[in-house]
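One structure is given below, encoded as structure tokens.
Chain lettering (A, B, C and D) follows the sequence in which the chains are written, and residue indices restart at 1 in each chain.
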Amino acid sequence: MRIRYFAWLKQRVGLAEEELDPPPEVTTVGRLKAWLGERHPRFAEACAAPGVVRAAVDQEFADDDRPLRGAREVAFFPPVTGG
Amino acid sequence: MRIRYFAWLKQRVGLAEEELDPPPEVTTVGRLKAWLGERHPRFAEACAAPGVVRAAVDQEFADDDRPLRGAREVAFFPPVTGG
Amino acid sequence: MTVRVVEGRFDPATELAAFARGRSDVGAVASFTGLVRDEHGGEPVLAMTLEHYPGMTERQLARIEAEARARWPLLDVLVIHRVGRMLPGEPIVLVATASAHRAAALEACAFLIDWLKTKAPFWKLEETPAGARWVEARASDDAAAARWER
Amino acid sequence: MTVRVVEGRFDPATELAAFARGRSDVGAVASFTGLVRDEHGGEPVLAMTLEHYPGMTERQLARIEAEARARWPLLDVLVIHRVGRMLPGEPIVLVATASAHRAAALEACAFLIDWLKTKAPFWKLEETPAGARWVEARASDDAAAARWER
């Protein structure tokens, strides 16, 4: 599974993307956040504040309870600020 | 006093403007309408339908009860349709 | 002059290119262009003639512009309205607004065209295959303008 | 393509000149241009960099455009969003809508920019004299977008 980080999350984590193979119990976006937080303490810190870390699964916005079955790419980013 | 007509009122009345000296009892826009209606039967016809003939006194929109004291120019026209 | 009544054809893109140019305090520009359509109420429109009340027109446009500037923090405003005879596809009116932020620019632009439509002395004469006819005022335009009354 | 993500500078006036050109069924064109301001929250802004999520961006913009076309009778739509580094005064985004009548064009234009601001994956990094800082999302943008939820 490809994990991508954008904007200041990319700077906090220190990388733009990584290829990872989460264990079977990581079945949702929320569990993936927690699992990634163990690898990246500053990612865990960001996730501790509510509403700050948004996610997309295969380029669709996704909530924490979104299942990961079949997902190829999961992205994490702060709230968008375009336009 | 200069009287002006615009759009289809100009066509109904048959002229774009005229210089007139209304009698002293013509003290308001409404009375001027009635007085002009005696000269121009098709103007009277148009005024009979409510909301169809609008007026401006010295280039300011004016209701029927607007006094004419000091007015130099009174215009009559249908509801505007610009833009 | 930010309010102009013009007799000849004008190009909204050229006007917009010059509008608020070189100002780096502007974060938002909104514009509205009204054009002659080739159809109205199911009938072809061959041409359109805009009549107006010279003097009163400019006065009303300036007043509407002043009202917009009083209601929103606008950095620039442009209103151009054409009069005379024009053909389908040609622009009739251009309204543009510039502000630091988008809500002011968008709202003021909608306000300006809504009030212009009901408060500026213009009248449209359409040429159709069946002859010329004066366009009737629409209740929906009054309703749109009334949104901004207060 | 009516939705474009571009890396270089673009000229809204040129884009608008080509937009809906030669169509005589269009009676109304509305547009919104967002530009880099030289100030934000009282601090000078020297430059702005727009990051985005390639692929998802285009997908979201196309979806927002489809939603606008489903809600209003639009004859044409254009959305251009720039990414990369840009300077104060330079355009970031252009939205344009064309319709037979003005309400559809004006409302759809406001809708498109409101939804783009909250649903398309772009992030702004501002360069100030004190260093670079990521722009924070604003509650007012969420409120503006929520107006259109149904």
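Following the convention adopted for this analysis, a contact is a pair of C-beta atoms (placed from the backbone, for glycine too) under 8 Å apart; a residue touches a chain by one contact, two chains touch by 3 or more.
Keep in mind that what you see is a predicted model, and the values were worked out from it rather than measured.
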Any chain that touches subunit C and subunit A: D
Intersection of the contact lists for subunit B and subunit C: none
Averaged-CA centre spacing for the pair subunit D and subunit A, given as whole angstrom: 26
Distance between the centres, which are taken as Cα means, of subunit B and subunit A, whole angstrom: 72
Rounded Å distance, subunit C centre to subunit D centre (Cα mean): 23
For subunit B paired with subunit D, centre-to-centre distance based on mean C-alpha positions, whole Å: 48
Numbers and ranges of subunit C residues touching at least 2 other chains: 34, 102, 113
Contacts with two or more other chains, residues of subunit A listed in rising order: 83
Contact footprint of subunit A on subunit D as seen in their complex: 34, 50-53, 55-56, 59, 81, 92-93, 113, 116-125, 134-137
Touching residues (chain side subunit B, partner subunit C) in the complex: 4, 6-8, 56, 59-61, 75, 77-83
Complex contact set, residues of subunit C against subunit D: 11-14, 16-17, 22-39, 88-89, 100, 102-103, 105-106, 109-110, 113, 140, 144
